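These notes concern the structure reproduced below.
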Amino acid sequence: MGARTLVTGVIGADTHIVGNRILSMALEEAGYRVIALGALTPATDFVKAAIETAADAILVSSLYGQGELDCRGFRDLCVEAGLDDILLYVGGNLVVGKQPWPEVERRFLEMGFDRAFPPGTRVEDALAALAADFDRRDGDPPPR
Amino acid sequence: MNDIASALAAPALTEAAIPAEIFHRMRAANLARWQTGAQVDFDASVAFHRALPPHKQLAVAMRRAHAERRCLTQPRGGVATLAMQKALMIALDREGLADIVPTTTDSYTRNEQFAAAQNGVNESERLERSLLNGFPIVNYGLAAGRELIEAIDKPAILLTGTAMPKLTAEIGFAAGYTGYLGSGIAYTTSYIKELSIEEGIRNYQYLDRLAALYAEHGVELHRRQPGFLTGTNIPPCIAIAICVLDCLLAAAQGVRHYGLELAQTLHLVQDAAAIAACETLAQEYLARKGYRDVFTPVTSLHWMGAWPQDEAQAATLVSYGGTLAAIGGAVSVTTKTTHEAHGIPTPLANAEGLRITRMAIYLARDIRLDGLPEYEREKDLIAREVRAIVDKVLEMGDGDVAVGTVRAFAAGVLDVPWSPNRHVKSRVMPARDAHGYLRIFDPGALPLPKDILEVHTDGLRARAAAQGVPYDRNLAIQSVYELSEPLARLMPN
Amino acid sequence: MNDIASALAAPALTEAAIPAEIFHRMRAANLARWQTGAQVDFDASVAFHRALPPHKQLAVAMRRAHAERRCLTQPRGGVATLAMQKALMIALDREGLADIVPTTTDSYTRNEQFAAAQNGVNESERLERSLLNGFPIVNYGLAAGRELIEAIDKPAILLTGTAMPKLTAEIGFAAGYTGYLGSGIAYTTSYIKELSIEEGIRNYQYLDRLAALYAEHGVELHRRQPGFLTGTNIPPCIAIAICVLDCLLAAAQGVRHYGLELAQTLHLVQDAAAIAACETLAQEYLARKGYRDVFTPVTSLHWMGAWPQDEAQAATLVSYGGTLAAIGGAVSVTTKTTHEAHGIPTPLANAEGLRITRMAIYLARDIRLDGLPEYEREKDLIAREVRAIVDKVLEMGDGDVAVGTVRAFAAGVLDVPWSPNRHVKSRVMPARDAHGYLRIFDPGALPLPKDILEVHTDGLRARAAAQGVPYDRNLAIQSVYELSEPLARLMPN
Amino acid sequence: MGARTLVTGVIGADTHIVGNRILSMALEEAGYRVIALGALTPATDFVKAAIETAADAILVSSLYGQGELDCRGFRDLCVEAGLDDILLYVGGNLVVGKQPWPEVERRFLEMGFDRAFPPGTRVEDALAALAADFDRRDGDPPPR
C-alpha cells in the first residue's frame, strides 16, 4: 500500500503558518504524502483538496482562537462530500483564551474530529497519533 | 472591491502621493463598501480630534515620551462585544496603568469578512464569552468607537494586523483613535496569503494619505509600522530594512509622525543596538529622500515568537521585555502576558503583564549601553546589513520605493522568514547562535556582503558545535521552539 | 554558655587559629549544651561526607559553576516539622530546579531557645500548619538532618541567620550539609541586640575552625559569608568591607573555600560592579595577608529590602534579580518570591520564584558589562571606598583583623545601617540617588575620602532637587520604602 | 495633660528593627513620649517598661512570623501587672506565611490586642489610629 496522503492547512482567516509548516515538513520527512494548503484556508478548500487527492486524513490547524467558529460543521462538510470516515485531526490554540483543555477537547470531538490537540503540541505527538490510528484502521475491516 | 480602489488610484504603482481629487473619489468608494462607512464625516472627525485633551492624543504622548526619554507601556486587547471591550479597556487603563490603551480588531474584520464578524458577535452574546480574537469595530461603527474612547483617560491605538485597513482606519480615526498600527509591506508579508505586495502597498498608501489629510487639517495622528513581521526570529536587519521602506512610503504620502516597531530578539545587546540603529537608519534614508521633519519613535515589542507554557517562565519574558525596552531606549513597549502560550489573556492577566513590565522599566530607567564595545560593534553590523538591503531595493526601483519593493520581493532581495504570503519567497532562515544572537542561517537571496554573512555563520556553527548537532536547517527549527521549551530542557541542573 | 566557650578560647581576642587541643575542649563543652549534641561523631561525619556523590557536595558545585561561568539558583526555605521540611525541600529540588537546596532554621533555634522551638514544633503539629519561620534542626537532631539530605538530589546548605551557630553547625555538618551561611561580623551586626561583636567573632571562629577541621580530614565544605547585613539599602562598600574582614577571619582559622554574598542594589551597573569588585578585593587582601589559595565565589541576593505587596511588581524583582546575578557574573543567586511582602512563601510560590529566576539567568547568560565606561568607573569607586575602610580597620588592630574590627565598630569606623545591635553605632544612613544608585547620605564616622563622599552627596542632592524635596534624612527613609511602593505612586502615568 | 507615653519594640526573637524604628521616630515627631525597646524584646520587658513609665499604650511589632506564638497571653501579662486596660496594638507580618488578613486579625484581637495592623502598614495609619483611640478614651469616664 502506497504512502498515506494527508491534507494540512490553517483554517479560516488564520495567518499562523509557522507550526503548521513545521508540522507539514515533519509529516513529509516521516514518509507521508502531504498536501499543504497553508494559512487562511476555508473549510471547503480542505474538503476539495481531500477529494482530489483521495486523502486519508485532514489535519486542521487553528491558532488564532476563532477555530471554534471556523470548525463548526467541518465533519458534515466531509460527509456531504462522501468522505464519511476520513480521519480528522485539529490542533493549536483552538479557542479564545485560556480554557480548561478537557472541555475544549470535548467541544471539538463533538464537532466530529477524531482527535484534538492542545496548545504547544509537538510534532512527535502528532506523528505518534497518526501511526496509531492508521494501524488500527489497517486492522479494521474496510468501511461499508 | 480592492480592484475598484486600485483602478481609481494611479494606474501604475508609484510611491508618489495620491492626488487630492483622486483620493476624494477613492474615499467615497471605500466608505460605500459597508453601511457603517456612511457614518464617517471628515470635518466632524477633525473637530472631535481637535477637542481631545492632549493626554488623550497619542502623537502628543509619543513626542513627550521621546523628549523625556521615558518608555510608555501599551498592551494588546480585543474582545467580541462592546460591553466586554469597554470593560477590558477600562481595566487596562486603571488596573494596568497602561500609558496607551489598545483596541485589537478580530481576524474576520482584518480580512473584511464583516458578516462572519457579525456572527461572532452574536455567538459571543449568546454564549456570554468572546468567540472573536478582537473587536469588530467596523460592524459596531462610529458611536461604539466613541463610547470606548470616552471610557478611558489615555490615548487609544487601533491594532488591526491586516493588509486591508481602509474601512477600519476611516471608522477608527473618525471615532477618535489617535494611533493606528499597520503598514503595506510588513502586514502584507505576514497576515495574508494571496494578496500581492503591490495591493498591500496601495492599501496603506490610502491609509497614510488619510493620516496626512488629517494633518493638513491640524490633527497629528500617530501612524506606526509593525516591524515584527511574522514575529518569528526576525533578524534586526530584515525588520529595520522594512521599517525604513514602509517609512519612506508613508512619508511620500505626507505622513510626518511615523513610529517604528521592533520585536525583541531577547538578546540585551542585540535589541539595544537594533533600537538605536532603527531610528538612525530611518532618519538617514528619510534625509536621503529629502524628508527632514519626520518624527520616528521606536517601539519595542515583547518576545513575538513561541512562548513557554510555564507561567513562571512567561513572567520572566514579560519582565525582561520591559528591561530590554528601557535599556534600549525605546519610546514605548508593547506588552504580553503569562497567558501568551495559552490564549488571549483575561483583563486581569493583561493588566498584570503591564505592571510587571512597568516595574521593570522603572528599575532600568537610567541604564544605557553606550560605549559598551559589543554594543557598538552590533550597531555597526546592523547598519551595514540594512544599507546593503535598502540600497539594492532603491536601485531596483530606479529610486521609487514602491516599485523597488515589489521587484525586490519577486527577486527574494527582500525576504521574510516564515511568511504565509505566496508572493514572498520566505527562503531566508534565521536561527539563534551560540551566544543568543539571532543570526541568519540561510540568507536566501538577501544581498548581504560575504564578510557579514561570515559573522552570522560563525556564530551558528559555534552553536551547532557547542550542542553537538549537525549544522543544518534544524538549527532554524530548534530556534523557533527554543524559548518555549520547559526549563528542565532549556537549562537542566 | 558562650562565656565558658570563650573562656576556653584564647583569653584575649585575636585572629589567630584556635589551637587544636583547646578547640577539642571547646567542642566537647559545646556539644554538651543540648541532648542532640551527643549524636555528633566527627569521624562518622567525615565518612558520610566522603561517601556523598560530587553532585551533592556544594563545594564541588560552586567550584564547577565558577569555572564554567554558570550562575546557580538557591532559595530560602524552612518550616516547623520534619514532614513539612522534607516536602518543601523535595518541591524546591524537583519543581523549582534549585541547584542548591536550603534548610533555614527558625528564629528560636537561631537564638538558642530550644525549648521555645520545641513548643513551636508541637503547636505546628497540633494546628497542622507551620508556626515557626524555619526548621529547628538542633531539636530534631542528626537522623532527621540525614533524612532531609537523602530526600534530595542536590547539595544542601544551612541558612541560620544567627550570631550563635555552634550547635547548629556541629549537627548540620554531621548530618551531611555541605554548605553553611553565616559569619561573625555580618550576623552579629544584623541578627541580635545585646551580643558583642567580640562574642560574635569568637562564635564564628569556632565554626570556621570546625570547617577547617573537616578540610584537614579531606572534606571541603562551602562556608559562606552573609554580606547582605541588615538587607536595607546597604551600599556595596560597606558590604564588601565586611565580606573582606569576615573572609580574613575565616582564612585565619584555616578555611580555604569561602563564598561572599552581596545583596542586590537593583541598579544593574552598581550590582555588576560590586560583584566584580567584591571578589577582586577579597583576593587582594587575602594576598596581602599571605593567603594565596582561598576560593571566594560571589553570590548575588535578590532585593533584601522592603518588597511591594503587588505580586506583579514582586515578580519583576524576582526576574530582574536573576538578570542582575547573571550579568554580574555571580556564581549563584539566592532567590525570593512574589509572596515576599506577605509572608514565608508556599513551596509552590518558592519553586515559581526559582523558575522565574532561572529563566532570567538563561536569557542573560552571556551578557557582561566589561568595557562599559559607567561600569568601570563604579568598580574603581567601590575599590577606593573599600580600601579606605579596610586599611583603617587593619591599622586600628595593629594588623589583627579581629581586634581591629572590634575597635572599629566601637569608633564607628565600621558601621552598619539599621542595625539592631547596641554595639553598632548605626549612624551611617544610605539613600538612593537620582539615577538609582545606592549612595551614602550620612557617613557617620566611615573613613571615606572627601572626593568620594562628594560623588555620593551630588547624586543625592540631584535626587532631592529632581523630587523637589529637602535634602535631609527623609531621603534615607523614603529609600527604605521606595521599592515597596505601589506603581501608581512609583511611576504614575 | 502631658504627652502620651508609648512603649514600642519588636517582640520575641525578632530582629526586624527597621519598621519599628521608623515608626518610633514618627511617633516622637508626632509629639508622643516614646520608650523604644528595640529588637528581640521579651513580652515581659514590654510590660515592665510600661509600668515604669506609666505608659498609655504598648505598640508591639512582630515581623518574623512567630508573633503568633510570642504574643499569646500578652494581655494577661498586662492584667496581672495591673495594666488592665492599657491600649495594645500589634503590627507587622504577624503570622507565618500569606494568610487571609481578617482571620489573622481575629486571632490577635482574641489575644486581647485592641488593634492589629497588616503587613506593610504605613506610619500615617498608625498615627491616625492612636489619635482616634486616645480621643475616644479622653471622652470616656476614667476606668474604675
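We just call them A, B, C and D in the order they show up, numbering each chain from 1.
The working rule: a residue touches a chain if its C-beta (ideal position, glycine included) is under 8 Å from a C-beta of that chain, and two chains touch if they have at least 3 such contacts.
Keep in mind that this is a model prediction, so the values were computed, not measured.
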{"item": "Cα-centroid distance, chain A relative to chain C, in whole angstrom", "value": "56"}
{"item": "Inter-chain centre distance, chain A versus chain B - centres from mean C-alpha coordinates, in Å", "value": "31"}
{"item": "Between chain D and chain A, distance of the C-alpha-averaged centres to the nearest whole Å", "value": "67"}
{"item": "Overall pattern in which the protein chains touch one another (line/ring/star/complete/other)", "value": "line"}
{"item": "Complete list of chain pairs which touch one another", "value": "A-B, B-C, C-D"}
{"item": "Chain A-touching residues of chain B, taken from the complex the two chains share", "value": "106-108, 110-111, 113, 116, 119-120, 123, 129-133, 161, 190-194, 230, 232, 306, 309, 339, 341-346, 418-420, 422, 477, 480, 484"}
{"item": "Contact footprint of chain C on chain B as seen in their complex", "value": "97, 99, 154, 266-269, 308, 310, 312-313, 315-317, 319-320, 322-323, 327, 352-353, 355-367, 369, 371-374, 435-436, 487-488, 490-493"}
{"item": "Of all residues in chain D, those that touch chain C in their complex", "value": "10, 12-15, 17-18, 21-22, 25, 38-40, 64-66, 68-69, 93, 95-99, 119-120"}
